[in-house]
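Here come two complexes built around subunit A, the first alongside subunit B, the second alongside subunit C.
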Partner chain A sequence: MKLLTANFLSCAVKSCKSSPAAFPLHFRDAELASTSVPYNPVLLTNLLPRLDWPALVTSSKELGFTLPDSKPTFPALTRPSDGGEVTPALGEEQETALRTLHRVLMETEVVEGKMVCGSCGFEYGIHQSVANFLLPSHLV
Partner chain B sequence: MDADPRAERSLAPEPYEEHYVHHVYDKIASHFSATRYKPWPIVHKFLSDLSPGAVGVDIGCGNGKYLNVNTDIFIVGSDRCKHLVEIAKGHSVTQDTITSDILCPPQRSHRFDFALSIAVIHHLSSAARRIEAISSILGLLKPAGEAKALLYVWALEQKTSRRGWDEGSAQDVLVPWVLSKQFAESKKGEPHGAADAVEPIFRYYHLYKNGELEENVRSAGGRVLDSGYEKDNWWAVVEREPRSE
Partner chain C sequence: MYPFFRRAPRSLQIRIYHPANSQLPFKVLYHNRAQTRFSSSAAVMAENQESISTSLSPVSSLPAPMREYVIHFAQVHETFRKPELEALATLHNIEFQLLNYTEKSPFARIALKSDEDAKLLISRAILTKAIYELWGSGQTYAAVHADVKARTTHLWPHYKTTSFKFDFECYNGARSEPQKTSLIESFSYVGFDGPIRMRNPEQLFVVMEDYEATSILEPERLAALRLDEKLATPSCNPTHLDEPHQIYLGRFLGKSNRAAVEVYDLKKRNYIGTTSMDAELSLITANMALVAPGKLAYDPFVGTGSFVVACAHFGGLVFGSDIDGRMIRGSKPGKTLRSNFSQYKTEAQYGDMFVSDLTNSPLGRFGSVDGGCSEQIFDAILCDPPYGVREGLKVLGSRDPSRPKQPTIIDGIAQHTLKGYIPPKRPYSFDAMINDIMNFASTHLVPHGRLCMWLPTADEDFHEFTIPSHRNLKLESVCVQNFNKWSRRLITYSRNAVDMDNIQAAIPAELVGEAGRTADALNPFRRKYFEGFKTPDPSS
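For the complex of A and B:
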C-alpha cells in the first residue's frame, strides 16, 4: 500500500467514522519497499490540494520520512493536448521538492505490517502490499 | 438452465452472498481475470474526461482493468475478493488497491471526486442491500456538483445475448460459471480425474429492469445525471442529492 492511499482511508467500523481518532490509521511493524513509478508532475501538483497534510506528516513520520510541517505549494501543471512539454516549467528547488514527494507518496510501498485505528484499536493487516479491510462479522 | 436461487433463500443475505458471490470469485479469480481486459467505452470516457489530480474509488475493481485508463488521476481500487485485488495490484503501479466490502468502506466519507462501481451492485441479494450499497458509494463522494459516480448493473432485458433473458423473466438468478480446466485448482492428493470433471459454479445476480437502477439511486439519496443501456447492462451517472438547507 502506498503512503498516498493512507491519506484517503480511515477505520471501516461504522461507529468510528465520526471519530477524529480514526484518521489517519497508524502504521505498525511496517516493512517498506520502493517501487518504480513513472514520475507524473501533472498528477502530483493537481492532487496535492486534495491531501490532508497534517495526517500525511503523521503517517510519514511513522514510516521514517520527514515532510515539511506545512503543505508546499506548486502551480497546477497542465499537459497540452498536442503532447508538448508540461507547463509551467518548475524551478530547480520546486522540482526537487516534487520529486521527493513522488518518492514518498507514490513509490513507497508498505509491503507487510498493520494499520491500527486510534479510536477502536482494530488492527488491519497489510500482506504482500495489500491492506485487508474486511471486518469480522461482529464488527459489521 | 440457471439454478433456482429461491431454494436456498432460507439463508440470510450475508451467508447467501458469501456462498453465491464471494466464494465464487475466490474460486474463479484467475479465469475471470483472463476474460476481463477490454474497458467498456462509457467507462473509458467517464475516466478520460476527469480533471488531472482527481481522486476516486473503483468499488469492486476486479482485476483492475480500469485502473490504468487515465494516469493523471488517482484511484483507490477495492474488491471483496482478495485474489482479484492481488491481480489488480500487479496491474498498476500508479494506482492502489485494497481488500474491502462495499457496505463497510474504509475509504473516507465525502473525500472523493469520482466513484466507479461496475458490475457489483447486482451481486447484493436484497433491494435494501442494493440501495445501501449505492448509498455507501454516494457517501464517499464530495457534494453535488463536485463529484459523480458511474454505476453499471446487468440488465434483465438482453434477449439478443446468449442468456436470452427479457422483460418478464425472473430477476434473481444463479448464473453458472464453468471453470476451464486450466484454471481449476486441483487439490493435493486428489485423483487427476476429479479435477477434470469440472462442475459449474453458481453466482448470484439480481437482473435490473428498465428504470430500476434510477429508482434505487433515488432511494439511496442520489440524483441521476445521465443513464442508459449498453450491451446488456444498465448504467447511470449519479451524484449526491444537494442538501436542502
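For the complex of A and C:
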C-alpha cells in the first residue's frame, strides 16, 4: 500500500461514508519498504491536483515523513514526445520539493501492517503490500 | 528479396502540373542524377522551387488541408478497428475520415491533415499495421499507373536519388516472385536512380493488392468477375482469384504498435490465470480507454492483471482490486501480479493493488476537507467483470438476510479479527453488478474519463440485449467478439463533464431485492451457457 493510494481510500463501511473521521485511514504497526521508481516529474504534477493535501500530511506523519502544511504549487510540466527535457525547468527548491514528494508518494509502501478507520475503528490488514478491504457480514 | 528496377533517364522532358497552380504548367528538365533545371524564367523558377519544396505531397481531390493516405489494418476483430482508430484520434486530437472502409478488406483510404498526424494516429494502434501516403489506387494496374502519374509526377525528382525498396502486401491472394518482379518493374517510369536497399531504405514503397471478390459492393463489378463460372470449375478457389480487385501504391510513413501483441503474449507471461484476457484485446481495451502517460487507470476486477499490464504499457499509472486476494498475491514468490510488471519493465507504472468488493469499495474520500470532486480520481476504468459461469457471482454479505447484524463471536473472540478469516459472500445478480459498475464509474471517473466494460451475451439474446446506459456516461462505441454460440462486447463510455443529475443513481428495485437465490436465477447468461445456448422448445 503506497501513500498515494492511501490518499484515495476511506473506510468501506457504509455508515462511515458520511463521517469526516473515516478519511484518511490511519496506519498502525506499519512495516515500510522502499522501492526504487524512476523519478517522473510530469506524473507528479499531474497527480498533485488530485491529492487531498491535509490527508496526505496526516498519513505521512504517521509513517515518519514531514511535508509542508499547504499544498505546494508547480507549473504544469510537459515532456516533449521525443523524450527530451521536461519544460518549464524548475528551480532548485521546487525540484527538491518534487523529489521529496516522489519519495513519499511513489517509492514508499507499507508491506505489513494495518489501516484503521477513525470513525468505527475497523482494522484493515495489509499483507505482502496488499491491503484487504473485505468486510464481515455484520458490517455489510 | 525482390528484384528492383534501375533506370537513368537522360534529358527526359516531362510536363507537370503543379497542384496549387494548375493553370500554369511549367516544364521540368532532367539532365542527370539530382539535377533539376527549370526552363521557365528565373522569377517563376524561384517561385516554383519554393512551392515544390513546401508541398511535397501527392495531388489529391480532397479539400485542403486534407490529404489521402492508405491505412493497412489487421484482418482480425474487425468491429474493433474503427472504434480503436476513433479513440486514438480523440487521444491525439487528430481529425480523420475513412474514405472507403469495409470490414472485409484490410486496406482503406483515409483522409488526414499531414504525415505527422498519420504517423501519430497509428503509432500505438493494435489493429492497424501501417500507414502509407497514397501514390495511386485502382481496380486494375492500368488504372493504378494512370493514378500514380496524375498524383505524383511532381514528386519523382524529389525521390530520384534516395535509397529505396519496393515491397508487396497481398490480401487473400498471392503472387509468384517473377510476377512480383514484373509488376514492380511496371512502375519504372517514376525513374528512381537511388540505391536499392533491402534493409532500412530511406523510402519504402508498397504495392497493396486486395483479392477478396466477395467484398466488392457494386453488383456490376462482381458480375464482371464471373464468379459463378469460376466457381463451377473444380480447381477454382473462390478466395484466391487470379487478379486483385483493388490495388494501391503507397509510400510507407509509419508502423503501428502491433508488435506489442507478441511481447505481451499470454504464453510468455510469467503469471496468468484461467480467465486472463488475451494480450491483443487487453491492449485494444487500453487504447479505447485512452490510457496515456500521467493518467490513472483502475480495474475493479483485476484478477491476474491483464488490463493493468496493458495500461502500464501505454504509460498509465495503474490500480486494481479483486474480491479474491489470492489472485493478486499469487501462488508463490515470483508468481504474483506484480511480477508481470517486472517482466515487462513497467514497475514504475504500478500504482497499487488491494482486495475489495465493488459494492463496498473503499475508493473515495468521503471525509475529505480538501473539497471539490474528491471522488473523481481515475481517468479510466477498465473491466472484464466475472461472467459467473465457473462460479456464481458473489458479493460480500450473508446468504440469510434475516441474520442479525452482529459479529460472530466464538470463545469470546470476534471471528473477523482472526488472521485467515474469510468473510461470507452471497449470490449476486449479473444485472445488479452492471448497475454497480456504471454507478461506480459515474462517481469515480474524472470528466471525459472513460469506462471500458466487457459483457457476455448469448447470440440468440442479441435482439433483446440492451446496452446498459447511465445518465452520466455517454456511449462511445460497442465492439463484438463472436464465439461459437455466444459473444462478448466491449462497451466504451465517456464520463460527461457535467452531472446530469444527483450522482446517486436509482437502482431498479427488483435488482436490489433478493430476486433469486441461486446462481442461475440471478444470471441468465450462466443458465443459457449450461443449457448449451439452445433455443427453448416452444412445446414444453
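In the analysis below, the second predicted complex is superposed on the first by the 139 of 140 C-alpha atoms of A that agree within 3 Å, B and C clash if a C-alpha of one lies under 4 Å from a C-alpha of the other, contacts with A are read in each partner's own complex, and residues count from 1 in each chain.
Just so it is clear, a contact is a pair of C-beta atoms (placed from the backbone, for glycine too) under 8 Å apart; a residue touches a chain by one contact, two chains touch by 3 or more.
Treat the numbers as computed from the prediction; the structure is a model and nothing was measured.
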item	value
When subunit B and subunit C are modelled together on subunit A, clash or fit	clash
First, second, both or neither for A:76, with subunit B first and subunit C second	first
Greater subunit A contact set [subunit C / subunit B]	C
Which superposed partner A:136 touches (first subunit B, second subunit C, both, neither)	second
Touching partner for A:12 - first (subunit B), second (subunit C), both, neither	both
Touching partner for A:21 - first (subunit B), second (subunit C), both, neither	second
Subunit C region in steric overlap with subunit B, selected from 223-231, 241-249, 385-393 or 403-411	385-393
Overlap of the subunit B and subunit C footprints on subunit A, listed as residue numbers	1-2, 4-5, 8-14, 17, 23, 35, 37-38, 40, 42-43, 46-47, 50, 106, 124, 128-135, 137, 140
Residue ranges of subunit B in contact with subunit A within the complex	14, 51-55, 71-74, 76, 78, 80, 82, 85-86, 89, 93-94, 96-101, 103-109, 111-113
Contacting residues of subunit A [partner subunit B, same complex]	1-2, 4-5, 8-14, 17, 23, 35-38, 40, 42-50, 76-79, 106, 124, 128-135, 137, 140
Touch list for subunit A against partner subunit C, complex	1-2, 4-5, 7-14, 16-25, 35, 37-38, 40, 42-43, 46-47, 50-55, 106, 109, 119, 123-125, 127-140
Residue ranges of subunit C touching subunit A (in the complex, touch as defined)	293-296, 317, 319, 321, 323, 325, 328-329, 338, 347-348, 351-357, 359-370, 374, 377, 396-398, 403-408, 415-417, 419, 421, 423-424
